[in-house]
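One structure is given here, and the rest of the page talks about it.
Order of writing sets the labels: A, B and C. Residues in every chain begin at 1.
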Amino acid sequence: MLAFIARRLVQSVIVMLVVAFIAFLVFRYVGDPLAALLSQDAKQADYDAARERLGLDQPFYVQFYYFVINALQGQFGISYRLQQPVSQLILERLPATIELAFASATIALVFGVLLGIYTALRPRAFSTGVIMTGSLVGVSLPTFLIGIGLIYVFAVELKWLPSFGRGEVVQIGWWRTGLLTQSGLRSLVLPAITLSLFQLTLIMRLVRAEMLEVLRTDYIRFARARGLSQRAINFGHALRNTMVPVITITGLQLGSVIAFAIITETVFQWPGVGSLFVNSVAAVDVPVMAAYLVFVALVFVVINLIVDILYFIVDPRLRDGARTGK
Amino acid sequence: MTDLPHSPEQPVVAVETSRWKTFLKSDIVWSYRHSPVTIVASIVALLLILMAVFAPLLAPYNPFNPATLNLMDGFTPPNSSSFSGKYFALGTDSQGRDMLSTIMYGSRVSLFVGFMATLFAMVMGVGLGLVSGYVGGVVDAIIMRVADVQLSFPAILIALLIFGVARGIIPPNQQEGAAVWVLIVAIGLANWAQFARTVRGATMVERQKDYVSAARLLGVNPIIILLRHVLPNVLGPVLVIGTISLALAIIEEATLSYLGVGVPPTQPSLGTLIRIGQQFMFSGEWWIILFPAITLILLALSVNLLGDWLRDALNPKLR
Amino acid sequence: MHSSLTRIAAVLVASTMLAGVANAETIRWARSSDALTLDPHSQNQGNTHTLAHHIYETLIGRDNDGSLTPRLATEWALKDGDPTVWVFKLREGVKFHNGNDFTAEDVVYSIERAKSEFSNMKQLHAEVQSVTAVDDHTVEFQMTGPALIYPNNLTNTFIMDKTWSDEHDLAVVQDFASGASNYSVLNTNGTGPYTLVSREVDVKTTLTYNEGWWGEKPPVTDIEYLTIADAQTRISALLSGEIDIVQDVPPQDIERLSNTAGFKVEIGPENRFIYFGYKFGDEPLKSSNITDSNPFNNPLVREAMELALDRDAIQQVVMRGQSIPTGIPNPPFVRGWTEELDAYPAPDVEKAKALMAEAGYPDGFSVTLDTPNNRYVNDEAISTAYVGMLGQIGINVTLASRPVAEHSPIILANESDFYLLGWGVPTFDSAYVFNDLIHTKTELHGTYNVGLYSNPELDEKIIALGTMDDMDARDATVAEIWDVVKADRVLLPIHNQVLAYAMREGVTLPVQPENQPNMTTVTFE
């Protein structure tokens, strides 16, 4: 057990280093922060001086070395654009993203499971065809189009819901929540729906496929032969067996919801880490961009690690077998 | 040659007809014929693809040739004639480009990027999957670990990163010419892992089988074993993943272009057109965003429907 | 200075309007990007100054028509008999938000801070040798030479409280490279009309009226300043009633907003021109198929390119009428602008083709045009339109469109053959344009002369402008320089930008030509 976890940890560290390296590599090339930092009438000498102060004249590996050393201490430097510590900026915005991610994951899970069960139990119904095709429409619509469409209909034309931002927020310790005010909850609706559609389709299809698979197994046939009611079979046995992979996938997906939020947050001007990232890209705010990518990688690595360990505990077969891949 | 005027040809035709007949009677055709949605989707996809491929012949104007544009024709509404007296069925955009022609040429860009990126991902994924499944050991562990990491990151983020790296490597005055290829590589590299994983699984199963062991004992080149025997067995799932990847690649291209990191605005893809059109959503020029958006949705949807059907058709358990 | 009369008039107008206003009025105001910092001297950037002007004050202000107005300084003049010394009389009875008195000491401290190493304001005060407090309310600026137009450079340099700054160790300006933030990035103590209530960077900043302010109480008492990056989201938020005033309205939305009941748009010229630049010199272009010469270096080609540019079509279609086409890279606000210079030729494709043939390029040539796509109003669309126009005279252009953060480094490294750029003139004086765009590129001049135009005769005249002590002679030299710039087509100007602010009915925010509106100028109906 310990050896397994240790191996996983080492792999995770390697992943983090690689991601940090790529992030650093990319951002060194996307543009020059000096153009944004210095004023229009700055002279060539000012550019050279600033380059030196930022260490941008140092060789690449030296810059990377300092980046990793500082990152290990949670220091990502000062945002070029906003002139505040990057770690503080990310921490400030994290609650917004997490609340959005959880809200949309909940929507995706609830509706995804319900629709998945429905379509699995009525595989040949017309309504199933409609739902299955409709879900493909959801996947085929780019997120930005869904967001724009929802804003246009519900905010501009109908004026039911706010079009941007988080509404009023309440401060609880360092956590700034929008879940406790009416305007905060109203602001959450449209972005959460936008963000959830893709995952919803995924979960629905997964539940349906798993249900169909399980309903065909001998175990269910046997239950049916024993004379258990259809209802008890469907929900008591089939669903329970379906939920393990569903919950695993949903857990894994939570990470990508956070990362996917980039586009949703941009469209709805949601003050989370995703929109912070996009605004930083435009300004070549390298410290923020690099920190964001490392942060996303960290989220994935941690979630994957937890899932792996859970698997290890749940599934005894894995304990003695070497596990390559997933 | 003259001795055998007809005899060899006759059976060939017969065999082909009978093969064709068997094909017509197969499960796959049966399921196709009984799925009206799939029939409609395939017709729509085919029409869109034909429209894109033959755009230079079909399109009333060439929107990619700036010399033919008249800026004063800009913002002409659909089905009306413009400032300079030309007729535009779907209106014009902010630059005076005919929307219909621009969409045809734009679909061409989108489909080209989509197909090439998927092909790239497929070749890379299948290749690595075969190697990984056949060789096993450390090679397998490394390839699969990379695939794992990549699968857990959203493709868009990966494509953005690769795009960023490419931009840094290519000198500024060559970037525009290379933009389409950079896009293809970026999207392709973001999507290979799915192929690799599926192929690896199937390869591992095949490798255990007696005929492969036998072939190996006979000293047959492993590459030939892989290509002759293993590859055909994994083609079904690869095709399914390929179709779905195509839809994904089209959407990813649109999203990247929407974020402004795609093809140059003088040769817009569907995503670029939507980005441009979005600016005019509130000002009344709805046609600039609506028509490209509909085309993009139809394209992605019909390909997705085909992929969906193909998956069910090749996996009878799910029917 | 004649400005005291205008100020009295302004106060009268303001006070009559005040009569019908309730006690507390909140304005929710949104624009595309936030102030970069609250440290008043760290950044020389429009959005940052705009917010700072509400909290801090400058010695001299600028009216919406571009003229200078008294602010913390009530009078200023050159010292009798010495054109190298400026004397400022300071306003009496002014207090900082924390209650400290505003005195000459604070001015000396602030100007020195603005001149210090990490300040981005230091270029504007390069000619200041020393600042001394004569008494509590008089300050003298010793310049390095005659500096007739120096007061123009003071309109964005804010005055801090020396005592407060020393308490918080603020002598060093916030340095983005230092790895540490300073106290003034998030905390303020100015003399301005509003005090800071809260600030969530990039999201929302709230301000409330400073009861101790020396000026007339403005109708707006509370401000919610919001950052909404996406233009369509910004407009949506206005339409759905979530905000009152939107800055940076895209031209295409102006008409619909003006026609929508309950909303209106204020429009006015901005002090900024947009232009195309090209590479001079004999060296062949990097992105062209012509490898033995530089077509742009041929005056006939430049003339053909101007004749191909249909400025009116760009104004009508791309800009929806929201721009002022111009034939000179200089906005009308700036000293040295004339109507004759502003005139531009009517497009003439046939003549342009003939010129191309005469220049030796009957089949045209190919080149890449670098354009930003998120910096100026419809920048990418302007470039796309010009690509079409150049196509008609055989110049085959590839368009390279990038966000400004990628565009600028390429431009500044002289890497571009052909580019679009915009230029604002914060000093409202032609010399500002000459120094950075026309003078040969050197360490101290011509930073943005990235087409590498070089005319030693002009360089001499430009340098001479800096130390002239007679305004008439100076104006004459400025006119001479402009004549050469126009004849040589050093730059190819397109238009001056127009600013548009959209707001709900019942609120009026007049347009400020530097795009730095102040909420004290808001009126209610």
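The working rule: a residue touches a chain if its C-beta (ideal position, glycine included) is under 8 Å from a C-beta of that chain, and two chains touch if they have at least 3 such contacts.
All of these numbers come straight from a predicted model, not from anything done at the bench.
Trainee: When you take the mean of every protein CA atom shown, which chain's own CA mean is nearest to it?
Mentor: A
Trainee: Highest contact-pair count belongs to which two chains?
Mentor: Pair with the most C-beta pairs in contact: A-C.
Trainee: Need the CA-centroid distance for the pair subunit A / subunit B, whole Å please.
Mentor: 26
Trainee: Rounded to a whole Å, what is the gap between the Cα centroids of subunit A and subunit C?
Mentor: Those two chain centres are 40 Å apart.
Trainee: Using mean CA coordinates as chain centres, what's the subunit B-subunit C distance in Å?
Mentor: It comes to 47 Å between the two C-alpha centres.
Trainee: Check each residue of subunit A and list the ones that touch at least two other chains.
Mentor: 30, 148, 152, 156
Trainee: Considering subunit B alone, which of its residues make contact with at least two other chains?
Mentor: Residue numbers touching two or more other chains: 167, 278, 281-282.
Trainee: Which subunit C residues reach two or more other chains?
Mentor: Each of 232, 236, 239, 374, 403, 406 in subunit C touches at least two other chains.
Trainee: Which residues of subunit B touch subunit A once you look at their complex with the stated criterion?
Mentor: 37, 140-141, 144-145, 147-149, 152-154, 156-157, 161, 164-165, 167-169, 197, 200, 247, 251, 254-255, 258-259, 271, 274, 278, 281-282, 293, 296-297, 300-301, 304-305, 308, 317-319
Trainee: Which part of subunit B faces subunit C closely enough to touch in the complex?
Mentor: 65-72, 74-75, 94-96, 167, 172-173, 175-177, 260, 264-266, 276, 278-285
Trainee: Across the complex, what residues on subunit C touch subunit A?
Mentor: Those in contact with subunit A are residues 33-34, 36-37, 39, 42-45, 120-121, 123-124, 174-181, 185-186, 200-203, 226, 228-230, 232-234, 236-237, 239-242, 374, 403-406, 408-409, 412, 423-424, 432, 435-436, 442-445, 447-448.
Trainee: Where on subunit A does subunit C make contact in their complex?
Mentor: 30-47, 50, 53-55, 75, 77-78, 80-85, 89, 92, 148, 151-152, 155-156, 159, 162-165, 266-269, 271, 275-276, 278-279, 281-284
Trainee: Which of the residues in subunit C come into contact with subunit B in the complex?
Mentor: Of all residues in subunit C, those touching subunit B are 231-232, 235-236, 239, 250, 252-253, 255-257, 286-287, 310, 313-314, 316-318, 368, 370, 373-374, 380-381, 384-385, 387-392, 397-401, 403, 406, 410, 415-417.
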